[in-house]
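Each structure below appears as C-alpha cells.
Here chain A shows up in two complexes: once beside chain B, once beside chain C.
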Partner chain A sequence: MMPPVSYATGACKVFSLDYANMLESAPLFARAALTTLKISTAGIALALIIGLACAFLLYLRIPLAGRPVRAYIELSRNTPLLVQLFLLHFGLKVDAMPCSVAALAFLGGGYMAEALRGGLEAVERAQIESALSLGLSRWQTLCFVILPQALIVAVPALGANVIFLLKETSVVSVVAVTDIVAVAKDLISLYYETTEALIMLVLVYLVLLLPICLAIRHLERRVKHVAFGN
Partner chain B sequence: MSPSAIDPTAISALGGLDVLLDANNLQRLAEGLLVTLKVAASSILIALALGIVIGLIALSRRRIVQVPYRLFLETVRIVPQIVWLFIVFFGLAKLFGWSWSGETSGILVFGLWGTAEMADLVRASVSSLPAHQTQSAQALGLSRMQIYRHVLVPQALRRLIPASINLATRIIKTTPLLVLITVVEVLKVGQQIIETRLLTTPAAAFWIYGFIFFIYFAICYPVSLSSRWLEERWNVGG
Partner chain C sequence: MSKILSVTGLSKSFGEHRVLDDISFCLEERQVLTIIGASGCGKSTLLRMINGLETIDGGEIHFDGQTLGAHTDWRQVRAQIGMVFQSYELFNHLSVLDNVTLAPIRVQKKKRREAEELAAGLLARVGLADKVKAFPRQLSGGQKQRVAIARALAMQPRIMLFDEITASLDPEMSQEVCHTLLELAETRMTMIVVTHEMGFAQAIGDELIFLDEGRIVERGHPDDFFAAPQTERARRFLKRFEFHKGDRK
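Right after this comes the complex of A and B.
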C-alpha cells in the first residue's frame, strides 16, 4: 500500500517531502480523526451530564452527597488521564473504546462540575425563593430559572473544558485505539516517513481544533453581551 | 532487571497486591517517580523564568511585540502536547539529526508550553488591574517605579501566585505522556513490573496502576489545595 521507504540521504533532503505518500495516508488519518471525534463527543457529552449532576448535588446541598461528590471532583481533577486510562484498561480490563470514553468522561466530569458549579453559584439564591413563591415547581425553577443563567455564566469555562478534553483525547492510542496519534506513530515506525506523518498529524489536529476553537470564541463573545437585569 | 524477592512463578496469594508490596518493586517505582519529578521540576522552573520575562514584555501593546507573542502562544496551544513531543522527539531527529533523549525532549516541550501559559498568566494578571489604580497612584505623585513596586506588582502577585501553582499541577499531570517517547518514568516502570508477572499475577496491573494513580493524586491534590487556600485568603476568585 505504501511505496518503499525513502531514507534521508543528507542535509539537502530536509524539506523534500513525499507528497504522494502524504496523500495516500490521508484516508487513514481521516478514519482516525473520526474515531477521535467519536470518543471525544461521547466523552464530553457524558462529562457534561456527570458535571451537571455533581454541580446540582453540591448547589442544592443534598445531604450525604457533598463529600463523595467533592471527593470525585478532586480525584478526577488531580490525576492524569493517561494513568486513568491505564488503570481502567489494564487494571480493570475494560475494552479500549468504552475505556477511552469512560476515562474521558471521568476526567471531564470533574472539570465540568467545577465550571457549572461556578455558574450556579453566580445566580443569587433569592431567585429560587422568588420562583417558588411565583408557583413554579422545584424542577421548573431549576430548569427554567436557574440553569439558563448559570449556563450563560459558565460558557467560557465550559468552552475551555471542551477544547481541553478534545486535546486530551490524543492519549487514547496507549490503549490501542487507532486514533490520529496512533496512525502517525505507525507511519513513523513502519515506513520512517517521520516528517510527512508529523505534518499530517499537525494538519489533522488543526482541521479538527481550529473551527471548534473559533466557534467557542464566537459563542463567548455573544454570551458576553447577555445580561440579566444586572 | 533485578530479581524479585518473591518467586515469580508462584501464583500470588494476595491477588497481585504482593507484587506492589515487594520492596524491590517499590524501590523501582520510586526511581521512576524521581525521573517524573525531575522532568516536571525542570519544566516548571523553565516556565516560571521564561514565562515571567515574556509575560512582562507582552504587556507592551506594540504590534512588534503582540504579533510574535500571539503567534507563539497560539502555536503552542493549538495542538495537543503529545504532538509537540512527537515533533521534538521524532521530527527534529529526522530533519536535523538532533536526537535528544526523551527526557530532554520532554523538558523542552513541557517547559515551552509552560512558558506560554505562564506568560499569558503574567500578562493577564497585570493587565486586568483596573486603569484607575495607575491613575490614582499617579495623582498621588508616585513615580513609575513606585507605582509598579507598591501598587501594581503586589496586586498582580495575588492573582498570579494561585494561578501559577495551578499551572504547576497541570505540568505534573502532563508528565505521563513521557511514556510515549521512551522515557522510563514511573508509569513505564509500572508497565515493566506488570509485564514480568503477566502470566502468574495478571491482577498486579490493578494494584500497580492504582498505586500510580494515587501517587499522582497525593502530589497534585495538596498543591491544588494550597492554590485554592491562597486564592480564598487573598480573595481573588478563580
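Right after this comes the complex of A and C.
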C-alpha cells in the first residue's frame, strides 16, 4: 500500500524528507545566517588586528612585551571557544552578541598572531637593512617592505584561520544568539524533523563557506604568482 | 676637492672579538676608494658602520660636517649615503620600477610621476630599460644587482657604498656589474668599493686600502699597491690570487 500523501500541507516525501518544511524554514536560516556572518566578520576583523599587533610586538622584540603576548597566544589557542563564551557571558555578564564577537576575536587573535608571525619571520632580516639604508624609517620599512612580503607568505595560513573561525561560530547559540545552529535546534524541538533541520544547517554552512573558500584559493594563487612566478 | 667623509681611530668589537682597530681615512668628493682584504677582516663591518647599521664603539666618523653616532638622524644620513649589498636585497613583492621609486616617493616625498621618470632614466643607464615592469624573480643575478644599484642611485646620494656586489655572480654577470660601476666612476660619483676582484679594484680605485685583521696595513694608489706591495702580509694576500702551473701537484 502507498503511504498516505497529504496534499493539504503540501508535504512531498522523497527519501522520506519533508521538503516543504525545509523550504519554509529557509528565510529563518537566511536571517540567522546574517547573524552568523556579522559575528564572523566582526570577530575575524578584530582577530586580525589583535594578531597583527601581537605579531609585530614579537617580531620587533619589543622589551617586556614578549612574555605577555606569548601567554595570550597560548591561552587563546588552548581554551575552547565554548568555555571562553561561558566565562564572558555567565561570568562577566557580557551581552550575547558582543560576547560572541569578543570570544571569537580572543580565540582568533592567537591563531592570526601565529600565522602573521610565521610570515614575518619568513622575510629575510637583511631586507630591513636594505630598506633602512635607503632612508626609510622603521615604520615605513615594516609597512612597505616587510609586511607585504609577510602577508604573501601568510595568506594560506590566514585563509585557513578565517574558515576555521567561521566554523567555530557554531557554538555561539549556547549564549542565546540566534545563529543558524540555534534555528536548527528550534526547528527540531518544534517539529521533531531532526534530519531536515540538520540537512538545512549543513547546506547553509556550505553556502556560507564555499564562496569564501574559493575566494581564498583565488587569492592564494594570485599571491603565489607575485612571489614565485607561474 | 673637499672632504666629504672622514674616519678617525674607528674601532669595533663583537664581544671579545675586535673586528676593526684604529681605522682612519678620508674620502674626498668625486674620489673612488677601494677596500680589499681577506674574508672576515672587517670590510663589511666598516661600511655598515658608516651607514649606521652597526654601532660605533670607538673613534669617529664625520660625514659632511656632522659627527655620526647614537644621536644622529640616520634617516637623513642614509638618504645621502647609498649602499648596495652582496645579496641584492631587492623587494620581491615590487616590480623593478617600484623597487627604484619606493624610497624617492616615501622618503623624499617625490611625486610618483617624477620618481618614475627618474627611475626609468637610471634603469636605462644600467641597461635595464626593458625590465621596468619585471619582478625581481624574473631577473638574473647581474640584472638584480644593477637594479639594486639604480635603486640606491635614485636617492641621488652624495656617496655610494658597494659591499662585494659581484661576489655571488658568475664571471659574465660580474663583468656586467663591474662595467656599470666603472661607468658610474666616470661620472665622478664618490664611492667606496669593497671587492674581491683585484683587476677591478685596480681599475676603479683612485686610492686603495688593504685591511688585515681589522687594521689598515697598507694604503696608496692601486697601481703602486699592485705593482709593489710594501708589506709581507699584502704580498701573501695577493699571492692567493695567482695561480701557476706548478700549483697542481
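Criterion: the second predicted complex is superposed on the first by the 213 of 230 C-alpha atoms of A that agree within 3 Å, B and C clash if a C-alpha of one lies under 4 Å from a C-alpha of the other, contacts with A are read in each partner's own complex, and residues count from 1 in each chain.
Here is the rule we use: a residue touches a chain if its C-beta (ideal position, glycine included) is under 8 Å from a C-beta of that chain, and two chains touch if they have at least 3 such contacts.
Note that the structure is predicted; figures quoted are calculated from it, not measured.
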- Message: Please determine, from the superposition on chain A, whether chain B and chain C clash or fit.
- Response: fit
- Query: Residues of chain A touched: more by chain B or chain C?
  - Reply: B
- Message: Quick one: is A:Leu82 in contact with chain B, with chain C, with both, or with neither? Answer first, second, both or neither.
- Response: first
- Go through the superposed model and pick first if A:Val202 touches only chain B, second if only chain C, both, or neither. first
- Query: In the superposed arrangement, which partner chain does A:Glu74 touch: chain B (first), chain C (second), both, or neither?
  - Reply: first
- Task: Check whether A:Gly91 is in contact with chain B, with chain C, with both or with neither, and answer first, second, both or neither.
- Result: first
- Task: Kindly classify A:Leu64 by the partners it touches after superposition: chain B alone (first), chain C alone (second), both, or neither?
- Result: neither
- Have a look at where A:Cys213 lands relative to chain B and chain C in the superposition and call it first, second, both or neither. first
- Message: Nearest approach of chain B to chain C by C-alpha atoms in the superposition, in Å, rounded to an integer.
- Response: 23
- Note on the structure: Shared chain A footprint, chain B vs chain C, residue numbers none
- Item | For the chain A and chain B complex, residues of the former touching the latter | 8, 14, 74-75, 77-80, 82-84, 86-87, 90-92, 118, 167-168, 170-171, 173-174, 181, 184-185, 188, 192, 194-195, 198, 201-202, 205-206, 209-210, 213
- Given the complex, residues on chain A that touch chain C span 124, 126-127, 129-137, 140, 144-145, 148-149, 152, 226-229
- chain C contacts chain A in the complex at 51-53, 74-76, 78-79, 81-83, 85, 87, 89, 91-93, 102-103, 106-108, 135, 137-138, 148, 151-152, 155
- Which of the residues in chain B come into contact with chain A in the complex? 78-83, 86-87, 90-91, 93-96, 169, 173-177, 179-180, 187, 190, 194, 205-210, 212-213, 216-217, 220-221, 224, 238
